[in-house]
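Two complexes are shown next, each including chain A; its partner changes from chain B in the first to chain C in the second.
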Partner chain A sequence: MNWTGLDTWIVITGVLICMACALPGTFLMLNRQSMLGDGISHAVLPGLAVAFLLTNSRDIFPMAAGAVAAGVLTAVLTQMVQRFGQVESGAALGVVFCGLFAVGLILIRVASDKVDLDADCVLYGSIETAVVDVNLVPRVAWISGGLLIFNALLIAFFYKELRLAAFDPALATTLGFNANAIRLGLTVVASVTTVLAFESVGSILVIAMLVVPAAAASLLTHKLHWLLALALVLAAASAVLGHIGAITLRRFVGGLFGQSDLGATSSAAMMAVTAGVLFLICWLVTAVRQFANRRRVARDSHRS
Partner chain B sequence: MTRRRVLFLVALLVLLLGGLSWFLSRAGSHVGHSHQSGEAHATGAPAARRGGKSITDTGIEWPSREKIWRTVSLADYNTRIVFAGVTALGAAGGLVGTFLLLRKRSLLSDTVSHCTLPGIAMAFLIGESMGLSGRSLPLLLTGASITGALGMLAVAAIRAKSRIKDDAALAIVLSVFFGLGIALLVVIQHLPTGNAAGLNQFIYGKAASMTADDAQLILLASLTLAMICAALFKEFKLLCFDTDFARTQGWPAVALDLALMGLVVAVTVIGLQAVGLLLVVALLIIPAAAARFWSHRLGVTILLAMTIGATAGLVGVAASALFPKLPAGAVIVLAAVVCFAVSFVFGARRGLLVRWLEQRGVATRVARQHLLRAIYEWCESHAHNRHADPLHLLEQPVPVADLSAANDWSEGRATRLLRLGSSEGLLAWTPGSKTSHLTARGKLEARRVTRNHRLWETYLLHYADVAPPHIHHNADQIEHVIEPDIVNELEELLAGGEGRVLVPADPEKPVPAMRGART
Partner chain C sequence: MHTAETTPLLLAVRDLNVAYQSKVVVWDADFDAPFGQLVAIVGPNGAGKSTLIKAALGLVPIASGSVRFFGLPYAEVRHRVAYVPQRESVDWDFPVSAVDVVAMGLYRRLGWCLPVRRRELDLARAALVKVGLADYASRQISQLSGGQQQRVFLARALAQDADLYLMDEPFASVDAATERAIVEVLRELRASGRTVVCVHHDLPTVPEYFDHVALLNMRVVAQGPVSSTFTAENLRKTYGARLTLLEEAAQAVERARVSLQHREER
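Up next is the complex of A and B:
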């Protein structure tokens, strides 16, 4: 295996992005809004298309603004459909993101004469091409590092409020913190994270990192600070192992077809898969632990 | 919904779908030559590229009148196939989606559809490495079904065997399976054999390229799904509305649940080719959610959902046949969303408008009752002779200012209430006048309302152990919804009790002599 500088940068960027997503993801999971990441990842498409049509450029700022607006719109519309239409929350999210995604596809197709934008670039942006950069430190590494620090600061600052809103929204509201506002704020942070991460690593890694490390960590602990710490560790681990997995996969499939190594693979996607494997391991650990506990209790009660 | 009606429904469906497929096969036999032109038509001539800068210049070409006619009259063989396939798909989506919605699992369809991707990719890899064509549709769809079912089972396992919540389980399975799918897809795209181009169509769908075989597959599958749903209608209904009851009644709830989810996998897989894995979700969620605004009955909801799904399919295909630039899948979804929006506002049972009107009706009734009771109470406290005939009690003109002061009403609210009362003929009041008095009907109504309120107050005081300071408030909340039966019951319960004196006599019964004044 020939490990190059690019591989190092892929791993560093992956670790940073994964950790940046795991932070808001933990609270999304506690708020039972895990599917929102998937919803947003579809719903940003019209935001990107409109931003492009209005500014005629692919600068990061208008694009990010459009995408964040679409993300927030998704959350707000979902809540409105849920509240005013008495539609179950999952179905409400489904209606909203499917609709927005369809609008996005149509906008892109209709304006395809002018728009050099296709749905693929949103769905699988690639971390491999993103780290190829003229600078010493690739731009995408700066972005993901900044995102991680930004999210960490926000969560440190609003830790108490977020915890309250996640575990007891009614109490939070009676104490004078508007739980809905806090959740909306979390949604905004999640959509900013999602959008900035899309641009560099593609949506699938973001959807996975928003929920999988947090869920795996929640199997191992009941304490919120441990939950956050474990989620960060698991996210970083899945980034590192994921890239190694990607290299292995392309060698394996290449071997099937008589080639020593295929040129490309998707590290981001493999990071998502690795997170799933880590989740599976955590699940097995808890299952074994539970089984042992039950046996011990049974034995003790038998003795006495 | 009786079994006979279900059978009728199934017969209807069989006729409809059978007719469609017969229509297709007949068309196929004698318009062989138009097949070619149909294909050319469906793909469409590339639209002229325009270099305009403005947003309104979309580069869309308006179809000629002849083209519209050809589409509407189904003159092209290809259009006909796509119409039949997508309509059946929409109906199947609405059918299964309604059960899914009632199980509160709508997003499971999203997860299942993402889970089909690794199956497609693996089936392709297996096919290619064994020297077969990796693009044979049955092979790919088998792969898709297998991983789709695996994903569905994984969600069920996580939900049952860990403390991960529902939504997190869905998101985990979705992202991990889809990640695997994309990883494999990227590898496939760089394979030396290099004919992976067709796989992308499973993500975005390609309705226009549907062949007669595809359409027949969809028709057959929809028919089978409809028959399964009809056969298990009672069981699914029970499962959707009361799972625990189903279990205690001895139904195999878990097996039924898995069967239902299996139907979801089936719809997803047959929809992959037509509308793509990202949008087949929409056909499972949106028509069902839209239909639910219209009816509380399951059978009606299902029929409506199927109709909405089929209509959305028709509109989408027609639009993309007329404007080759528009992606059919997206237009189908958009048509469904429009149906949803219309139902959201105008739905006959849960629609915004209906519920708003209902709420306004209740608010009016409550306001009217408050007004009448306020007048009654004022009259009572200002009576010169408290032992007089109760109907004379209510003759006095009531000063509006006093009413407002006693009830903390703003001037606007008082005016609004009085206008309401006079428009309903309960009291005599002209805008601007300082006083008002009850009409004959108003007197009866005022006594009835006050009576209900005091009966309830007395009941709470003597039987419900509610602390006296809360009584007025509690009675205020419930008096508006008391049924006449309950009033009678209260009356009997309190008859002879000390509460009797508080309560004005029933206006519909002969007036008894009041035994005492209000204490």
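Up next is the complex of A and C:
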């Protein structure tokens, strides 16, 4: 295998970003808000467009601010639609993010008359091009490292509050820990994470990492600290194995069609696929374990 | 016996109106919890019992009316009030252990950001002992039976060490032994000067378990000492004229009379 410095940076960045997403993702799952990442990643489009129309620049800061604002708006609107429209949370989220996405597309159309702001580049970042950087450590590696540390610290500080608000919001509120505020705080963290991460790795990987490692880990353990630890391990493993998979697949496909390299097999996409495969393995392990348990119980009861 | 002046009303609800969207659920409700008593709130499904409690605690918005705990707004006396929600209100597959859940009752004392320490866990275990779950402390809650889960909730309220307990159906789907254990805990609370308000569904046991009762069906139909308030007439007003319920009510009243006689004889 032809491993270059670039591959190392792709893997490092991938691992950091995936782990950074898995942390808030675990608590989103516990709040039954797993699809929020999906919603946010669509809803940021109008945020980006408005930020662009207001500032007329494509600087990272106004863009990020617009995107985070849109993410928070998604969460708040979803809560409102759910409460006042009396629909379940999934449906409320669907209504909100489709609406915002549509508004975003229209705004982008309006904006693109003035300058090239392309919806595709918003939705699909590319980890391969992102790590190509003149600096010793690529900017995306800094961003994703910072993001991971930030999320880890927040969760370490507010572990008890997040767990309480996720398990029993009513109790949290009567104890003086406003559950809505805590959940909203988590949503803000998830929005920031989503926006910063998908600028570099694309929305598919971000959505996958918010949902899949947590879901897979929850099959393996019933303890919250193990859940977080396993989600992190699975996220990191997805990144490493995903990139190796992407390289292998590129070679294999390349050999098959007589082309030397098919750059189109995106590492980010393979990382997301790998997460799915790891989920499947976890699910199989659980299923086999349950089956074996049942067999043993049946056999024991037969003997006695 | 306290006189009317010296009996502080631990919870005084006045002219309370609560509506979800445009649907009025609690209407002009007056409700009092007198000091040191076990108080039952009874009424048919959907009568607004849970809503009354949630509204008092600020968990659902109030349309109009006033709520006072110990004569003060709730925000100032949170630490003196413990709430036990209906068991179905939480996800029992959540990845926490029994002792973790009980320790949640102590978070307020801990404050923001500080982790749960040995001391809190010890207090939580002591509360689990009181409800007979000493051996289940480190069990995951998903591996507890319904009655055990209910007792974990009770233990959490005990850990809060409050003066007033508001419990939403603490006896829902528990077996006879667990019910006795819970009643025992409630009586100990009363003996130590605490006041407990329970939403209760099982009419026949009201006279046996409780001192004071409020009959609720959107409005408070009647409230007062069980002996004078828990009458067939009031039950009919609360539950309507449905036959089975009336029979049940008649039986309940009959039992109430008998058990009160017993008490007086003793």
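Here, the second predicted complex is superposed on the first by the 298 of 304 C-alpha atoms of A that agree within 3 Å, B and C clash if a C-alpha of one lies under 4 Å from a C-alpha of the other, contacts with A are read in each partner's own complex, and residues count from 1 in each chain.
The criterion applied here is as follows: a residue touches a chain if its C-beta (ideal position, glycine included) is under 8 Å from a C-beta of that chain, and two chains touch if they have at least 3 such contacts.
No experiment lies behind these values; they were computed from the predicted model shown.
Superposition note: with chain A as the common reference, chain B and chain C are in steric clash. In the overlay built on the shared chain, the residue A:Gln86 is in contact with chain B and with chain C.
Once the two complexes are overlaid on the shared chain, A:Val273 sits against chain B while remaining clear of chain C. The partner that reaches more residues of chain A, of the two candidates chain B and chain C, is B. Contact with neither chain B nor chain C is seen for A:Leu153 once the two complexes are overlaid on the shared chain.
By the touch criterion defined above, A:Ser34 lies against chain B but remains apart from chain C after alignment on the C-alpha atoms of chain A. By the touch criterion stated above, A:Thr221 is placed in contact with chain C alone, chain B being left untouched. Taken together, the two structures place residues 32, 84, 86, 218 of chain A in contact with chain B in one case and with chain C in the other.
The part of chain A that touches chain C in the complex is made up of residues 30, 32, 84, 86, 157-161, 163-164, 166-168, 170-171, 173-177, 218, 221-224, 227.
Of all the residues in chain B, the ones that touch chain A in their complex are 47, 49-51, 53, 55, 58-60, 101, 104-107, 109-110, 125, 128-129, 158, 161-172, 174-187, 189-193, 203-204, 278-279, 281-282, 285-286, 288-289, 292-293, 325-327, 329-331, 333-334, 337, 340, 344, 350, 352. Within the complex formed with chain B, the residues of chain A that make contact are 29, 32-35, 37-38, 42, 53-54, 56, 81, 84-88, 90-95, 98-99, 101-103, 105-106, 109-114, 119, 123-124, 202, 204-205, 207-208, 210-212, 214-215, 218-219, 246, 249-250, 253, 256-257, 259, 262-266, 268-273, 275-276, 279, 283, 286-287. Across the complex, chain A is touched by residues 21, 54, 57-59, 78, 81, 83, 85, 89-91, 94-97, 100-101, 104-105, 107-108, 110, 112-116, 140, 142-143, 156 of chain C.
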